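A, B, C and D are the chain letters, set down in written order, and residue numbers restart from 1 in every chain.
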């Protein structure tokens, strides 16, 4: 039973993820007074890409072809270990939040390599920038995570969520700071405005896109999909870590449905927030990124300090 | 009690000679011309021999007569003779060396003698010999010899200074301990002789390498440059 | 004790012999033979001593105990190996016309004369005679320094002669004072210059006289040791003379001067019962060590470089003897041995290196390892050994000195270590480009016999790994007599 | 038993060195100065001799490395027995001073590091024979290489066995000196000579600091044997000073900032298999020294030490990787990354010290385990990377990343090995690098249970720095692999490179790849095996090293944190398989091959690629004050219509030179210059010296 759930949940997760992307686009268009594409548009795009025959540069190495699979697989694994609908799934204790960061890093590692594989200027540029941003984003994210981990005294997501649930709604300054920091990092990591603009294809602005310019067909599909999963993953992570309420603590059917509903609701809210934020903001220069991420790091650090100073004493 | 009156005449004579010896050291410091420097040195040797002979008489230690003779032949005759021959050979006999601040030198010399007296004073009273007061003098002679070497630029003057130091040593041996054991005396005398010969050899080498005996021009080997 | 007389007579005879046929082709090998003989005699003596302990003879004029017997052996050994090196070296000099027949005679006979003086210095029991022999050593070597008759060599010889003469004169005054003190003890038995007698009645000697005497003796013999600021003659004399002579000067003369100072220190300590002598030696040692270490950085001449390193090491030994504890004394004794072995080995290689490059200028000697590997490696490994790298013996002794200092005067150890680092960097900074790198043109291998180097370095290595039993026994006995107790 | 094997291994190492010499000079012929006549006269004679010589060498060189291999195996066995049986073997060698023989002691800690040495030697000795062929062609003195390698290995093993300060120092210096000769092996390049000199100089300084530290201990106990040190506790002040001295000494050897300057100079210029040994093994010996000294000999740890070590470690990690990222020379990059990894190990140690000092030894265990584990891991993958880099340089004769590229097509096997190394050192799951970094994080997160709030807030910041380091390390090795092996070849050499021919040059590193996987997948067994070590050093072990069998790695309790490497690996494979299956189902057809799209520009050539310098430019710009940058453009004029070549020149210098080393050097030179005035050349001045000395002493004496 548990095992079944443990396999079903990630599958469900990855199949919902394009929907989130679609939802954000939809909101954005609404806010910009444009006619939105249908919510299912991302699915259509993926399907189309999957149908097409991929074209691979003649001098590409095996890394180029393997990368999409590695990326997707690592994302899948990441999904498997974060509690999305239910807290306690057997997969949750396989690895903790540090391992989660590790999985994301693994995927990124190969993606960046793939960007260098063909040897185009764009690929190199994208890879270099992606590497830089990742370098800056990771410590900020871990700092935020550590704030939670230290107050919950665990790096296991499930246990941490339990802890938050048990202690009920406590107004922790540390959590507020950490939340803010995490959100900023999430925006950076998922390549949204103001760090990167998934919609653009201008050489000077793009980061993530530049790496995957050479991909096509199912390879591109897998990468796009992985991106959507990553977006949702961060959403769920933030949602469940900071507002875990509604998540299924027992594995009874109704609890699970409630959990699913709760998750969807939270994601919709987050999506709305993200879309409005992207409406407001403009993409920033690449050499502003360090200030942005530095600020995120500072927030998480503040969270840590306030936890140490104010909460434990 | 330590007054001169109470000493027999010979001892008075010895102490008088001691005074002359130190005076001769002062003279050396003051000499401008090498030839006269060597002469004074010869006189000092003579005085020493005399003093030795006298103390040999007073202390009934016959072997001192021998060392007196040794000193007479070496320091008063042989070495001065060699030196003056050299001076003539290298015709420097009418060369005059300008002494830097002779007055300062002499004051320094005086204070050196004072210093040596101050150093030796605490140990003088140990001696049972009458000549003990001469120890300070001998030390003074040694120091003045070094001073001579420091102030002079002529190689020959250095040799004279060196030999003057030897004189002082000899005098110390005589006045403090009524001479060293015979074998040592012999050895010392031998060394001095050989040293003198080697000095002679060197003068020619030096004067052939830098056509003068001015030691200040022996400064090739120096770390200071660059 | 016949061995002793034999030991003294052989070089005496050799001196006369070489004065006659020192310019013949065979002179070099004769030199080797004579030294081999005296080495055998020294061995004989050593065996006798190790069998029957300290012995004195000829009415106590000669005395051999653990302290000087190993030095005698060392002297004979280094004299032998250096003569082995000297034979081809001087032959080469003769071929290149740098020395005439007359000077070769002088060289060979004075070589023996110097050895004779060394044996006398070590074995005599009479402080006055020790002085005579020491002066004799100077006289024997001074003409060798100016053997090449270059202006530099003459200048060096002159400085050597004058400075050592003045210094040694002061030592004589010290000896006179010693005799004076001996005369004033009251009982006529002590009224002599025999070290053993004086040592036996040291407590009776008047402290004030003795401390004055020690000042003169230290300044006098210290000039020969090359203690800063009395050292100025040393680099000149070492760098200008023929290399075999530099080897024996560094390896033997300095040691024996130090030996004399230590003998005097024993007397003074016995009389004054204060640390005065020790403090003076420590001060001089440390000063020499640090100053010489700094000097190493500015050398342009390879032989000067190593003569400064000799000063540095003599400084260490003087410091260690000044410390005076059993550990330090043992270390100093050992350091005397390993330093002379290593340093003479280095001078052998340096001599050949200078012949290979036809110059002593450091910046013109390059790529020795490529030109003539044996010489290059010998120089490099020798330098490593002298710089105090294990497993060579120098490291052991320096380690002991350090720990002894740590136990007695901890605040001095940083100075020592600083000095060691400075000295090392100075040496290697100069030597590395000499041995490594590409070969400059015109640098040709020369005929060389590197057995001495190998033998010395192997010995030093052996002493670093494990001190031979009899040697350590002697060291311990000597420590016993000098410091009054055994190390640990 | 364990001792027997370690002796055996040492002897084998020495014999291999000896064999190397004998092979050169057949029989014991001492080199008398006679050099064989210069090549040129009687050509065929020399040629003939040369041929004979090379055949002869070939065979005996293999013998040399075979002995080395055996020695490595012996070391592993000896170490393993010592570690697993957890018995302390003692012995006394009749060497050294009459009253101070060499004490030998082999316990769990030395056993563990002995294993590291063994693991380091085995692949190197497989790799060596193929690698040194180039040297035989250039007529380098192989006997020297063999001899010094043997001595080097023996020295390292002796350091582990040493149980008294004297013996320890001898072994330590033996290690330094022999490796010095190895660094100076190709001494005709001025750069190598400089590196060797710097290396030896800093080794001496470090050794002296260590001697001083031992001296402090020795002045409290009587004698030099470690047991005496253990039994005589020091006063806090002296303990702290001893510890600081030891930290300086061992830290310099371990390449911790700011004592690291020699490392990026020395490691790249040594022959690659030697760099592998130096970087992979020797640095660990320094860490061993620090552990032995502080935990074992000093005993009662104070948490302030931990803070110092943590600070040093953090700065080394961050600076090391920042510098590594900017390097274009493959081996220099690896060397700097060694500094980073040493920093990480030091962080683990620091945490262990802080917890132990604060009385929470059971938490300190985690830090110590992290450090030990990272020692093992780094020794494996750094060894691997250096060997692989060696193959690249050996085959392509290029060591600058900007002249490489596209090697994955030319030398696929080496490329795969290198890739695995990069993944492992970037601390990516499921390889071994991740485990030790994870443990370090876990150790850091235990800070909550400390009383002092300052530590509680400081340690997580260190952890964040570690995260930064990890990310940057990933970027660095992406650069190494992506620029060096992917893309198009940037030079003729790179274009004509071939895969290594010699099997050993693949099997050696290949073995290490296997180990990376093994220690990545089964960490719990390593942790359990390490229990004796932690028990020895801290007197505590992990409460529940492995819940639910060996599958879960849980420092503290299951609820605190858990990581199950096997499941992660399985999960990864599963996910991979699912993805594959899914895509195969929806789009079965094979991908088409075609020219690169490149946004339709076309005409793609190697010059268009991002260079290594360009790749690291953003980071360089963001953290510019960290480096001593000299950047210049030639002929760069904006918007000039005429097409002119533009040259961009960049020097990335190490700040430590400007701030620390050059000032010291100048100080010494100045002092020497002043002292030299003593030797002015005028004899009268000299006499004045002795005159003045005499008067002074007389004055003193007659006071």
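Note that a contact is a pair of C-beta atoms (placed from the backbone, for glycine too) under 8 Å apart; a residue touches a chain by one contact, two chains touch by 3 or more.
The structure displayed is predicted, hence computed values, not measured ones.
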Farthest chain from chain B, comparing Cα centres?
A
Interface with more contacting C-beta pairs, comparing C-D to B-D:
C-D
Quick check: how many Å separate the C-alpha centres of chain C and chain D?
43
Per the centroid of Cα atoms for each chain, what is the distance between chain B and chain D, given in Å?
70
When the C-alpha atoms of chain A and chain C are each averaged to a single point, how far apart are the two points in Å?
78
How many angstrom between the C-alpha centroids of chain C and chain B?
31
Shared interface positions of chain A, touching two or more other chains
none
Going through chain B residue by residue, note those that touch at least 2 other chains and give them in order.
119, 122, 146, 149, 158, 215, 218-221, 223
Residue numbers of chain C (touch at least two other chains)
158-159, 162, 166, 170, 208, 212, 235, 295, 298
Chain-to-chain touches, reported pairwise for every pair that qualifies
A-D, B-C, B-D, C-D
List of chain D residues in touch with chain A within their complex
405-406, 408-409, 419, 423, 426-429, 434, 438, 441-442, 445, 447-449, 453, 456-457, 460-461, 463-465, 467-468, 470-472, 474-475, 478-479, 481-483, 486-488, 552, 558-564, 567-568, 571-572, 575-576, 578-580, 583, 586-587, 589-599, 604, 606, 608-610, 614-619, 621-622
The answer for chain C against chain D in the complex is residues 158-159, 162-163, 166-167, 170, 208, 211-212, 214-216, 218-219, 223, 228-230, 232-233, 235, 276, 280, 291, 294-295, 297-298, 352, 369, 372-375, 377, 384, 387, 389-391, 395-396, 399-400, 402-403, 406-407, 410, 413-414, 417, 420-422, 424-426, 428-429, 432-433, 436-438, 445-451, 454, 464-467, 469, 472, 476, 487-488
Chain B partner contacts - residues on chain C that touch it in the complex:
61, 126, 128-129, 131-133, 135-136, 139, 142-143, 146, 149-152, 154-159, 161-162, 165-166, 169-170, 172-173, 175-177, 179-181, 183-184, 192-193, 206, 208-209, 212, 235-236, 239-240, 295, 298
Okay, in this complex, where on chain A does chain D touch?
50-63, 65, 69-70, 72-74, 76-77, 80, 91, 93-96, 98-99, 101-103, 105-106, 108-109, 112-113, 115-125, 127-129, 131-132, 134-143, 146, 149-150, 153-156, 159, 203, 213-214, 216-219, 222, 286-287, 290, 297, 300-301, 304-305, 308-309, 312-313
Complex contact set, residues of chain D against chain C
30-33, 35, 94-100, 141, 166, 169-170, 173-174, 177, 184, 187-188, 190, 193, 196-197, 200-201, 204-205, 208, 211-212, 215-216, 218-219, 222-224, 668-669, 671-673, 675-676, 678-679, 683, 686-687, 689-690, 693-694, 697-698, 700-702
